[in-house]
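The following pair of complexes shares a single chain, chain A, combined with chain B in the former and chain C in the latter.
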Partner chain A sequence: MEQIIKLIVLGLCMGGIYALVAVGYVVVYKSTKVFNFAQAAMITVGAYALYQALIVWSLPIWAAVLFTLAVGVALGLLVERLLMRPLIGQPILAPIVVTLGLMLLLRGVILMIFGGQVYGYGEHFLPLGAWHVGFVTLPMIQVYAFIISMVAIFALIQFYNRTRMGLAMRVTHEDHVVAQNLGINVKRVFQYSWVIACVLGVISGMLLGNIQGCCVELDVTGLMAIAAILFGGLESIGGAIVGGLTLGVLQMLTIGYLAPLMPGEPIMMVPFAFMLLILIFKPYGLFGLVRIERL
Partner chain B sequence: MKVKLWSKVTFVMVALVMMALPLASACAPAAAPPTEGPPVAAKPHVTIHNIIDLTGAYAPIAIPSEKGGKHFLAWMAEQGGLDVDGDGVGDVIVDYHWAEFGNVDSRFMASYKRFRLEKPLIMEMWSSPNQEMLKPICERDEIPMYGIGFSDPQLYPPAWNYMDCWSYGESCAGAIEWYYDEVFEPAHPGEKMQVAHLTWSSAYGRAGEEPSTRAGENNGKWEVVACEHCLTHPTDPEVMAYLTSFEGMGVDMVWSNTIVNTPAVIMKGLHKLDLYPEMVHGANLWAPADQLLQINGPTTSEGYFCPQPVYVPACDPDQAGVKFAKMLQDTYGRGEAWLPNIQYMRGVRMKANMTESVRRALVGVMDRDGCDLAAACDRVTGKDVKEMGLQTLAGYECYDLCPLMGAPAGKDDRRLADTDRVVGVKDGKVVVLSGWYKVPRLIPEEMKAQGYFPDEEVKYTRTPL
Partner chain C sequence: MAIHRPCGTFDRTYYEAKAIFRTRLQWGMITALILALYGIAFVMNDYLLGLSIVIFSFIVAMLGIQIITGYAGQITIGHAAFVGVGMYVLACVEAHLGWSWWVGMPLAGIGAGLISMFFGSPSGRLKELYLAFATLAAHFIIVYVISNWESMTGGVDGIWLSRPEPLLGIDFMVEHNYYLLALTLCIAMIYLAKNLARTKLGRAFVAVRDNDIAAEVMGINIFSTKLLAFGIGGFFAGIGGAMYAGYNEYVNVEFFPLMDSIWFLGFLVVGGFGSIFGAICAAVLWKCLDEMATLMTPVFSQILPGLAFYVTASFSLIMYTLIIVIFLVLEPRGINHRWNIIKASYRLHPFAY
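For the complex of A and B:
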């Protein structure tokens, strides 16, 4: 029992980061109906941008974080303006394929700039050590990462609920034409969505780079988060949070109990097997909107 | 109209960039001689080959190794080429053809097939899985492969593969035994140490599992209680979950046969879960302590250790081999302050051993056929390099890159060294933790029963241990 509780707690800590990544996917999908595969690459960009600022340029941590966030904003603006806006009105498959291409492109660019080396932030970022609560060990770095993730998501929810642009984004989510008719600048909404998604991606990248090191394979975590959003529902931020936390716990329990019985790397397989199971019974995810169309 | 034009221009620009990038990367590693010294038109040429992973899972180790190797070849080119007759003047230009395979098997095979047409004399290859796969093919094609480290199955004949040191299994067993004798046994007299492998699920990653289990059963000092596998770049959940499981199993040491990114996550895990020092972590040579320190910083690197067969620049700055490597880096490098490191040293050693093998083969061909050097360069084959080069490296000191150089291969032995020294992180610094020791030879009984390795003896030209 102790073992299960330990694994669940650690899984929840990691699930916070998955939730943050998953929300990035949801933000773009809600506004644009584009499933942004490149969100996984934003994580890698964030990790390397912080490395560049913090270690290579030796900037103080606050400046390095600001630089990384600025990279996220710039990337969001560029992607939306150069790649996505020209595709407005095209079949939905076109922008989706572009995001896949963008993921590979960003990966290639990172490899060209930084090579295949693994980098780390040393001890510049988030405190080390652990808290002991009964028999459970809570790694500080993980708990802080969880808190940062949750704060970022909370801020996003507040943005959606309390700002004019947030309201516009919610209307756009309902129907692009209706939003346009109401005087909402839909292109501006798309722009905001991409910027927010990229910023969430680079925040996840900073947290993951700190925990796992900087390397191009960080995007694997982003791809695994796809299971979380399909579980929670593509259009639901709450669903992404629940999905992310569930994914974290599921991975922990898989390794704790299934891995000794299975050859290979079950951590990659189990989340997606779980996702398929969910899709069979709940095609729109647990919290996704069921779209009913009149024929 | 303006918007449409803008869209088209953007589309064309993006399309051009996306087409240009793969083209540029495809062109970059094309066969290109690194020899940039003064042109010496009259000199004959020989070619050495390499299929390397500079962008895949092995990149963190392959990049510094390759820098060392290329700097060595550049230095050799500046001396006028390969000095065959030992008069201090280069006689043969060494061309270097290499391909980058990104740890993708299909790219590896495509590169091999392309190089095979050039009838290679010696081919450096990266990653145990690919070398295991290619063993019978290289034998058929009579191409000696040269690797930077091997899984044990790569050592077993028949094969044309040679390795720059010992097998991963031998090194793993040697390091575990060192830890048991020096640290664990004094603190826990009479207890058997519990060892868990947390490594990659590949021929390379698993290379330490079976031999170290067998060694533990034979010497009674440790027991391997778990062999678990993580991704090549492990995610944090898997490492935390495995470590939590190991804690429940009473594991004393976690071993991984990976590269530095995996120990980086494991060491962070041990420290953040407060499992260190009850549970320690050691890894093979490709996860060197100096790189780990760079990634993790001192606190979460503390207590890490790994065996190394060469001198370590961070600990042995005054050794002649380290000075040689430093000269190469200072002369041909681009000011990378972190070099030369352990892998750079290995890279220099690799290319030095390869070119020396070719040199010996050329001398052998000239003696055998009574021909001149130019004719020998045309006639020399992979078989010559194997028999008159690689198998005769006894006595070659290889620029003093490690203390026991010149360990030759016997007819059945494919190892060019069998000694290690444990290096680790202590008080935030990379330090040498042990003296040089001989790694245990772990030939399976069934191999001996088949008559393999009867004449194996690693000979040294220096003082024995």
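For the complex of A and C:
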């Protein structure tokens, strides 16, 4: 019993980051109807940008974080303008190929600049150490990561609900043509969505880089978050949060109970097996829109 | 572009209307090309022969994804894993049953086809993006199973296997004999794929790709058509994998990273959607660029000593993505379309159209 509670608590902490990554996917998908596989690479970019600022340039924390966020914003603007805008209106395969390619492009750029070593922030970013709550030992970096993720998602929801741009974005989610008729600049909305997604990506990158270390394989963690979105439904931010937390718990339970029974690293495979199961039994997720097609 | 025919060529029988090559000149050119391909085996050195064999096996694998994605429109991000299944089926048949390459090669195709059908089966309910997720998951699951089922696949150490046994006194340990074998197989598979696209099934694939609801209304069983597309595409992937593994005499999980699955899809776009010629161009371009990146390694190691390995890896990543993006933005219909335009303008020469 103690074991299971421990695993669930740790899983929720990890799930917070998955939720943050998953929301990044959802933001772009809702606005532009493009599924941004490159979100996975934004994580790596964020992790390495923070490493560059914090360790290599030894800036203070606030400056390093600001630099990383700025990298996220710049990346979002560049990607939207150079890659995605020329592809508006092309068949669905084009954006899939381009975002997958972008993922590998960013991986290539990072390999070129940093090489393939694994870097860590040490104690320069979030405080190390652990809290002991009853019988559960909580590593501080995990708890902070969970809190930061939730704050970021909360800020995003407030942005959607309270600001004029957020309203425009919600209209765009419904229908591009209607939004344009209402005088909303849909291209601007796309731009905002990409910037928001990239910023969320680099934030999760900072947190994941802190926990797992900076390496180019961080993008596989990003791909795992796709399982979270599928669980919640591709169009739902609430679903992404629920999915992320579920995925985190599921992964921890796997480490606790299945890992001794299975060879290798089932932690890598579980999210994808989970994803396949969801796709087979409930493809549009818990809160997703069921697509009805007609000729 | 079949309408643009040389002047004065008419079809007088159904047989002529169905022909792939319509004029004597076309027949002559294709025969000359094939003879030339066979002929140069005896003048190329081992390095070029090896490169050509790799290209031939990837042409066959690329035809597989062309059938799944290009003809039937089912997006797959797991094609490299299907190729890998082919390699491992061959390797396991050789290592555990002791059967020869000649039995293992068709079994590799069938095994990869079955696995591909299994992971393609969500296509009954899913399409487009969701199917892409399912095949992405398939890639990771296949790689996990292969690298952890140690009693069967040898885990991360891989399996050593042997070249095909001598047949009719031809020894395939000799590089140019294996080249001839690979070329023959490759031509046979191209012929198969080209004709598959012209059969009832091939037309059903295209109908499903263009609009699957309309196809169903027309009386096509879309689920079995999609499954068949996955099965046949996987079969091609498996044969390609067996050709590659037989040449390498070694298989390893490292041979089919996720990256390769993405390049399969990306270069398919570069080559051109729904055309056999496009798939061939794509495979040749991809493997030649790969070789170029490898050849650049000494150059990089002089410029940036210590980082050369990573620079080579990242150079190819960046170069391929740029090529794919440039094609998608400027010529979304790929090399095949460009080539057809060139042919048409040559035939119509003094006139614009």
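Assume the second predicted complex is superposed on the first by the 292 of 295 C-alpha atoms of A that agree within 3 Å, B and C clash if a C-alpha of one lies under 4 Å from a C-alpha of the other, contacts with A are read in each partner's own complex, and residues count from 1 in each chain.
Operating definition for what follows: a residue touches a chain if its C-beta (ideal position, glycine included) is under 8 Å from a C-beta of that chain, and two chains touch if they have at least 3 such contacts.
Note that this is a predicted model, so its numbers are computed, not measured.
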*Can A:213 be said to touch chain B (first), chain C (second), both, or neither?*
first
*After lining up the shared chain so the two structures overlap, which partner does A:272 touch, if you call chain B first and chain C second: first, second, both or neither?*
second
*Mind working out whether A:230 is in touch with chain B, chain C, both or neither, as first, second, both or neither?*
second
*Scan A:221 for contacts with chain B and chain C and give back first, second, both or neither.*
first
*Could you tell me if A:10 is touching chain B, chain C, both of them or neither one (first, second, both, neither)?*
first
*Of the partners chain B and chain C, which touch A:178 in the superposed model: first, second, both, neither?*
neither
_Which partner chains sit in contact with A:130 here, chain B, chain C, both or neither? Use first/second/both/neither._
first
_Which superposed partner A:92 touches (first chain B, second chain C, both, neither)_ = second
*asked:* Output check: A:147 vs chain B and chain C. Expected answer is one of first, second, both, neither. What do you get?
replied: neither
*Which chain A residues are contacted by chain C in one complex and by chain B in the other?*
83, 86, 101, 105, 108-109, 111-112, 115-116, 263-265, 268
*Would you tell me which residues of chain B are touching chain A in their complex?*
6-7, 10-11, 14, 17-18, 21-22, 25, 53-56, 59-60, 62-63, 201, 226, 228-238, 240-242, 244-245, 248, 259-261, 264-265, 268, 271-274, 291, 294-300
*asked:* Which residues of chain A touch chain B once you look at their complex with the stated criterion?
replied: 3, 6-7, 10-11, 14, 82-83, 85-86, 101, 105, 108-109, 111-112, 115-124, 128-130, 132, 137, 139-142, 208, 211-213, 215, 217-218, 220-221, 224, 248, 251-252, 254-256, 259-260, 263-265, 267-268
*asked:* If we count contacts the way the header does, which residues on chain C are in touch with chain A in the complex?
replied: 69, 75, 77, 119, 122, 125-126, 128-130, 132-134, 136-138, 140-141, 144, 147-150, 211, 213-214, 217, 259, 262, 265-266, 269, 273, 307, 309-311, 313-318, 320-322, 324-325, 328-329, 332
_In the complex, chain A residues that touch chain C_ = 35, 83, 86-87, 90, 92-94, 96-98, 100-105, 107-112, 115-116, 223, 226-227, 230, 234, 262-266, 268-269, 272-273, 275-276, 279-280, 283, 293-295
